Amino acid sequence: MNDERAAPTVQDVSDWWSTAVSRIEPNVIELRGRPIQDLIGHLGFTGMIWLMLRGDVPTSAEEKLLEAALVSSVDHGPHAPSIAVARMAATCGVGLNNAVASAVNLLGDVHGGAGEQCMDLLAEITREATDEADADRAAAVVIARWQARSKYLPGFGHRFHTVDPRRDPLLDLVELAVADQVVAGDFLQAARAVERALSTGRTRPVPINIDGCTAVVYGELGFAAPLARGLFVLARSVGILAHAWEESGQGRRNKGPIPPSIQPTHLDGAGSV
Amino acid sequence: MNDERAAPTVQDVSDWWSTAVSRIEPNVIELRGRPIQDLIGHLGFTGMIWLMLRGDVPTSAEEKLLEAALVSSVDHGPHAPSIAVARMAATCGVGLNNAVASAVNLLGDVHGGAGEQCMDLLAEITREATDEADADRAAAVVIARWQARSKYLPGFGHRFHTVDPRRDPLLDLVELAVADQVVAGDFLQAARAVERALSTGRTRPVPINIDGCTAVVYGELGFAAPLARGLFVLARSVGILAHAWEESGQGRRNKGPIPPSIQPTHLDGAGSV
Amino acid sequence: MNDERAAPTVQDVSDWWSTAVSRIEPNVIELRGRPIQDLIGHLGFTGMIWLMLRGDVPTSAEEKLLEAALVSSVDHGPHAPSIAVARMAATCGVGLNNAVASAVNLLGDVHGGAGEQCMDLLAEITREATDEADADRAAAVVIARWQARSKYLPGFGHRFHTVDPRRDPLLDLVELAVADQVVAGDFLQAARAVERALSTGRTRPVPINIDGCTAVVYGELGFAAPLARGLFVLARSVGILAHAWEESGQGRRNKGPIPPSIQPTHLDGAGSV
Amino acid sequence: MNDERAAPTVQDVSDWWSTAVSRIEPNVIELRGRPIQDLIGHLGFTGMIWLMLRGDVPTSAEEKLLEAALVSSVDHGPHAPSIAVARMAATCGVGLNNAVASAVNLLGDVHGGAGEQCMDLLAEITREATDEADADRAAAVVIARWQARSKYLPGFGHRFHTVDPRRDPLLDLVELAVADQVVAGDFLQAARAVERALSTGRTRPVPINIDGCTAVVYGELGFAAPLARGLFVLARSVGILAHAWEESGQGRRNKGPIPPSIQPTHLDGAGSV
């Protein structure tokens, strides 16, 4: 008997990097099984995003809905840590790609994860609901379950905007898509049920925010929840790039977060272990 | 006389972060001076990229040309260091955004900079040429100048493809755009002149490669050269994300570059200072 | 009544960046309350790491123990995704700092998090144990609790080494430190109890691995668990830098994970949503 | 005749990852040819940095000098973009390693490259000088050459400190090392000659700054110029980690660069291409 492993082969090396996304051979580039020359000039960039992530091509109506969500997420100004980092990086003598990478790196669970978490929340409500009329009950059950862990519900409320200008245009587009039978409407219904539940008995409502709105779009379109963050990364990269580029034209070197004439407050104490 | 600097003010802090890209105030989001609610559902994602980087909106024909260049650049498989890094990162217990950032970070002067350098090369030829008939002479002059520094000309030749399948579709679209007076054709002409010059007297020609083709598109559309890299970052992020996402579904942990059964060759010698 | 917030002041801006770590003023640099000129030439680099993270200076014996853990973690060769990424990045035309950053970015929960998780495990055992004689019972209780969530216990077992050469030297140093009353020995005791429990009735034992050994050191020295990852980042950065530097001297451009002559295996199927 | 390439072998794969830095085999870890068990407890962390980068072990005097340079570079407060980015990243829901990576990524040519450039400057002067007495002439020649390209000389002058408190302790240690014949003194001499040249006829001198001081140390110790940046990355990572850790204990979420109550100034104009 011999329990030694077989010697590794070149085939093992090929298999180590196996992929269904792309086939690259001399003079051949196929993405998701489609020759690149059939895509260039025929598929839009948003359609390409869909194809690469899912393996098929969206309908025109699906593409438009995805496009609206991407457009709505490109930028939220220098108060967003990602945007600020892009601008600071652009003054430090690194490439534009490094500036973008530093910024994208900050789109973590707190800065870029609410959409993914909201998709999980809404999906749980759609599974809980027995039929359309059951949405409010299902929402109440799931909200209670989530709020037992944390009062904060991802995708609802905003520290800054009371009425987010991106909300109505996005939800209106989803409603139209439901009416046109492009999407089923389950995520929209769940989101509205949460909004109703959170606003009951309050003077200041807790509206669906932009993360909630895009979660509705991505959920209706059938994306997996982690791709909510992935798609946000693609969209926000546009604003990140635009800000890095603008800053690189302003000539600063080693831009810090505040003017050099203002000193950080010094805290006493040895600090924490 | 008093040479002390004035005490810093809150206005100084606002000015430190001044920007023309976005205006974000409670319930207001304007990008390049346009309310976000007027863009969602009306401007495509590629149009949004243009708007954010340049401040105006492209014509439909310009948008299509930009779109074709973006589509052509999304992926070149796991041999590309960026794609390999995205897949490895996805197995290390970091977020999708961190996987994308690690990968984008590799799109440096060598991996992602040829387009930018090629735009500089082609722009120099267009400035050198006195008129259309002068393209070959201008190309020869500029090629000689560049090759005095380095034999390698950015945007021409490929170590892998002899005929890159992305070349003809992209250049055909540029030619159509020239015919339709969407773009002027100077960069296309310069690129073809370089291609002719490099192939004269050679059995194996040195064709325009994908970096050269996209440089022609971005140059014709009037983008600044550094944005060739910026646009490549946006496009390649799509493939990076798709590969990271596929890999994260395959269940590996801490994926190295080769199967664990194959050991790196050990070099003797103390190493280098 | 007036519910408007007070207008922001420059003091608010200073407070936004308040810190006990450093005080930087013209001609003044104090770190953790100590003038930098009193540290240069007097405190070692490892002592400086301790001071910056904790606010006080270690004894010589504590510094030596920390130093041993750092030394043991600098490198594990190109099979480690972080090291491979550093080498690939170094061929892509980015700065050494970008190569290091890309690599450090991979030291996530799976690649760099086992030490932190192991510190939590061991700390839980020390809290569960009523006295020294109670270690095995406490370990059994806590192991059962952890294995109810996942069979895998962080810090124990290794897919590659059956006897990790770093184990005995590190644990011997901790034992010496316990004998010299430098540290209390609780984490060491807990780790040995887990090792005993995991090996009972098995032909192949599941030894403390390097993440477990360094977790013992950091725990004995009183570091917070998340700093196990932080210290690992500092240590591994040394190997990352050494590999990036070696690779940058080998002249490759755009190094992929495998030789260009070997193609990744192409998987059929449209892919996953 | 056959011009086909030979089929790739597993040996090619091993060779693709060949390295003199580390040998990792089951139960074997050798770094620069030395078993890890012989290093743990015997070599300090700074000695390990030297060993990994250069392949040999420093003398105790060399190690102390390197240590002083590392200690002097760990932090320069939140005005440094790297430190600010670390703190902002720590509030975005990413791992400590991701926070460190985002920050290290900013240590580019402008933020982290002056030491490397200064080493080149000083090395050029040492090559220009025929003997010790020739330093001032050699400095004048090289300064003129450099200032023909840019008025700014890397390693000299500081926008913030008029007398950098790190300068004298570092240069004093180098002088001691010269007196003890630990190092030759060429870089020190070159730096002092530049300082003299820049101060002649000026009321406000242009002293050697911290980048210049560490460049002198690294040059005297025989490091290659690009490692000035590499060593700075290792040193600054300590401050980066300390700040990220402090910030993560302060409970903020998505910390931007300025308090949310202060709005960035909005610039008019369509922006730049």
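As written, the chain order gives the labels A, B, C and D, with residue 1 at the start of each chain.
The working rule: a residue touches a chain if its C-beta (ideal position, glycine included) is under 8 Å from a C-beta of that chain, and two chains touch if they have at least 3 such contacts.
Predicted model, so just to flag it, every value in this text is computed and none were measured.
Novice: Starting at subunit B, what is the smallest number of hops through touching chains needed to reach subunit D?
Specialist: Shortest path length, in steps: 1.
Novice: What is the Cα-based rotation angle between copies subunit A and subunit B, on a 0 to 180° scale and rounded to a multiple of 5?
Specialist: 180
Novice: Just the number, please: Cα centre separation of subunit C and subunit D in whole Å.
Specialist: Taking the average C-alpha coordinate of subunit C and of subunit D, the gap between them is 22 Å.
Novice: Compute the distance, rounded to whole Å, between the mean C-alpha positions of subunit A and subunit C.
Specialist: For subunit A versus subunit C, the centre distance works out to 30 Å.
Novice: If you average the CA atoms of subunit B and of subunit C, how many Å lie between those two points?
Specialist: Once rounded, the distance between the two centres reads 36 Å.
Novice: What are the residues of subunit B that contact at least two other chains?
Specialist: As it turns out, subunit B has residues touching two or more other chains at 7-8, 10, 13, 16-17, 19-21, 23-24, 53, 77-79, 84, 94-95, 97-98, 101-102, 105-109, 112-113, 160, 245-246, 257-258, 262, 264, 271-272.
Novice: Looking at the complex, which residues from subunit A come into contact with subunit D?
Specialist: 7-10, 13, 77-82, 84-85, 88-89, 91-94, 98, 101-102, 105-113, 159-160, 245-246, 249, 253-258, 260, 264, 271-272
Novice: Along subunit A, where are the residues that touch subunit B in the complex?
Specialist: So the residues of subunit A in touch with subunit B come to 5, 7-8, 12-13, 16-17, 19-24, 26-29, 31, 35-37, 39-41, 43-46, 48-49, 52-53, 64, 67-68, 70-72, 74-79, 84, 87, 95-98, 100-102, 104-109, 112-113, 160-166, 168-170, 172-173, 226-227, 229-230, 233-235, 237-239, 241-246, 248, 258-259, 261-262.
Novice: What does subunit A use to touch subunit C in their complex?
Specialist: Of all residues in subunit A, those touching subunit C are 10-11, 13-21, 23-25, 32-33, 53-56, 94-95, 97-98, 101-102, 105, 222-224, 257-258, 262-273.
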